[in-house]
Amino acid sequence: MLNEQLIMEMKERVFEANLALPESGLVKLTWGNVSEINREAGVIVIKPSGVPYCTMKASDMVVTDLAGELLEAGMKPSSDLATHVELYKAFEGVNAVVHTHSKNAVMWAQAGREIPAYGTTHADTFYGMVPCTRQLTAEEVASAYEVETGKVIIETFKKGGIDPIAVPGVLVYGHGPFTWGATPQKAVENSIVLDEIAEMACVTEVVNDAVPPIPQYLLDKHYFRKHGVNAYYGQY
Amino acid sequence: MLNEQLIMEMKERVFEANLALPESGLVKLTWGNVSEINREAGVIVIKPSGVPYCTMKASDMVVTDLAGELLEAGMKPSSDLATHVELYKAFEGVNAVVHTHSKNAVMWAQAGREIPAYGTTHADTFYGMVPCTRQLTAEEVASAYEVETGKVIIETFKKGGIDPIAVPGVLVYGHGPFTWGATPQKAVENSIVLDEIAEMACVTEVVNDAVPPIPQYLLDKHYFRKHGVNAYYGQY
Amino acid sequence: MLNEQLIMEMKERVFEANLALPESGLVKLTWGNVSEINREAGVIVIKPSGVPYCTMKASDMVVTDLAGELLEAGMKPSSDLATHVELYKAFEGVNAVVHTHSKNAVMWAQAGREIPAYGTTHADTFYGMVPCTRQLTAEEVASAYEVETGKVIIETFKKGGIDPIAVPGVLVYGHGPFTWGATPQKAVENSIVLDEIAEMACVTEVVNDAVPPIPQYLLDKHYFRKHGVNAYYGQY
Amino acid sequence: MLNEQLIMEMKERVFEANLALPESGLVKLTWGNVSEINREAGVIVIKPSGVPYCTMKASDMVVTDLAGELLEAGMKPSSDLATHVELYKAFEGVNAVVHTHSKNAVMWAQAGREIPAYGTTHADTFYGMVPCTRQLTAEEVASAYEVETGKVIIETFKKGGIDPIAVPGVLVYGHGPFTWGATPQKAVENSIVLDEIAEMACVTEVVNDAVPPIPQYLLDKHYFRKHGVNAYYGQY
């Protein structure tokens, strides 16, 4: 039996986080989705597929189990659900996932390039370059596209030795960004940052076509000023 | 005798779709127009020419027959009406046409280049590159400019073997975009998508000047995820 | 004796046109000014210098004679008044002048380049390229800077054989745009168009670095579709 | 004993100036901070660290002495406080400091380039190029990062013989902009101008890759039209 109170609160948070996407300019039409997982309760809550933000209600959010199987009658979940499920299975500590087609992140995904850490705005959130996956093969796309999208993200982090907690986002080649975080709000903030640093990085290269990434010691300083046991940014 | 109820509903839809152009940032001043056709009823409804969006009313929409001849006393129709008429004659299944001077689509039209399918944002709406017409000749411009604009669009689709239902938009060389769809709202959405992918494609090339279009299998996957009998995106 | 009613109406129009600059995104802080002339009445009305748009009132508009001498006690006029006066003296049929530092037009002015007519958006308002003045000399800047700014604009149109009615705007080298028109509203619209085509032209060259201007016959068609005795755009 | 009235007024001004950052589009999330100093009273008031703009109150502003030591119980100050303190110690006549990650200024900071004075929009506020600091060394970052950030700014102005009153802003290499002024409002305005001229300069180089800065006589004219004893811009 589902914990009604917990589900209702998750729906509310996921709903609010989904609304934050068009409000922050990251999403046009219905191009985005946010989900949240509660592993103990065994539930994932995600945006319904293709529903306009302006008519969507918190109660429209779709509830599934940890394998992405529907637990309630209601709307169809986002078609990207299977990608979210793969990420939750592989990335411990990640409680929320966001997918958008935000303009600047998509440009880098389409260009098939990782985003170098060109400055402290990047380093404050992403501890190192934001990786870009390899292109999916025809077989992967034909078989279980959304599952394989999740798998190629996980492969990218494993092969690159990247910690998904320290680098909470990725570009899927030819497609667009996924970000994640400890909460839906934090995952959305990471999408905002990713799009911003994508734009900054592009024009940085226009202004100086031979610019190197910032040195490791500055990356360390800014990341650990905000994250980890020695963080001293904010009110905690 | 005209079906008053049907006309009134068409006017309302065309009016709302025209208002959506400045609201979505696609149109400045009076640079845009939307029309809808009802082939059975024998009517086209289109925006009046050069009327500011802020003072325009649904009742100002202009009603013509399928050849673009006025059926009601009232305002002059958009000067691009003849282009709309040509498109309706040639493109079955198209019930609404939109013309704008949206910035990013115009840039590609002025550059005289088709927009390559660089990513899934493109593939979700346009099944392949968005074509750009050849330049109109002096004779075509001098004779019946707006009719010839329609004809060169149709020529572009015929010569290229392009299905206008699968690729619901075009760039007219040196001019700007036209899009279309099953409804005025859908045609406007296609204008929004076209402008967005035009911007994305431009910067994609800045970030990587040797990027190829996405492979056919990814184009197929994304287009048919949203369109056709096997579509599984959305709530239908 | 001044015609109070006429002055009040001019102040109201000039005030509204000045407010339209930040509203349309052309102007930040206090970077812009609009004036209107009535040659028969012998008056010019112009924005006061350096007054924030949010506190400005119609009654703050400054009234001068045709030489730019104050006719009323009150605020100091825009420091660019002398440029407006020169343009009114030289350009018959021009009743309003606008100066802004709108981003895209400034970029071309700073680049010292005229804006080629790359498309019909340009041709609908500007009958040919938008010229850029030569750089002012040290002597011109030192003597009567704002007067000389006006003179170099006039020189640009005379030497280039350009009709200021057909090309209602210019870029001042290293500085920014001036536009004009039959009314303050029309002059502001021309500033909106100028900034839009400046942006379009820039990215057009990024997308295709060998693009030529549109042919003369297309320029003619679009310009004369909207202007002159054979115009057929709009409701007149 | 603190002067309560003076502190309250400083808090109000600093609060308003901080709010102006997201309102003017310079700041996303919590990426910015404004402070004000009163040297006679021996106090600095600055934004608290990491507090969202939407919930922040004037009373949340943090009060410190001239060395940055807290004078009131309450929130933690912005983590950049030590940089502000260094600037106040070195730059007489500067009463307010602003730090942002505004997009266009960051792009130049990341590119490691000073912004050339390409036009009068620049010259109206910055009397010459906006400098970019050298990169901080690993030792400087490791020791007292925020203090060293202040010191490298001061070094940049000293070595370059630049007057911080005439050039009220700087780019910190790989990081972003700091601006300052006689009041919090003026310092924020300088941040707005800096971001605007950063964008203009970037695209100016795209439109003309061989453009020189404006000549000294034009820089002089525009700067001194607005600043100093012979200024004639505005209502004073």
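A, B, C and D label the chains in the order they appear, each numbered from 1.
By definition in this document, a residue touches a chain if its C-beta (ideal position, glycine included) is under 8 Å from a C-beta of that chain, and two chains touch if they have at least 3 such contacts.
Since this is a predicted model, take the numbers as computed values, not measurements.
Its C-alpha atoms superposed on subunit C, subunit B is turned by 90 degrees; the angle is given in steps of 5. Put simply, the C-alpha centre of subunit A and that of subunit D have 33 angstrom between them. Spacing of subunit A relative to subunit C, judged by their CA centroids, is 47 angstrom. Among all residues of subunit A, those that touch two or more other chains are 206.
Listed by chain label, the pairs that touch are A-B, A-D, B-C, C-D. By the touch criterion stated above, subunit C contacts subunit D in their complex at residues 28-29, 31, 48-51, 75-76, 79, 101, 103-104, 106-113, 135-136, 138, 141-142, 145, 174-176, 202, 205-206. Every residue of subunit C that touches subunit B in the complex is listed here, in rising order: 118-121, 189, 192-193, 196, 199-201, 203-204, 206-208, 211, 214-215, 217-218, 221, 225, 232-235.
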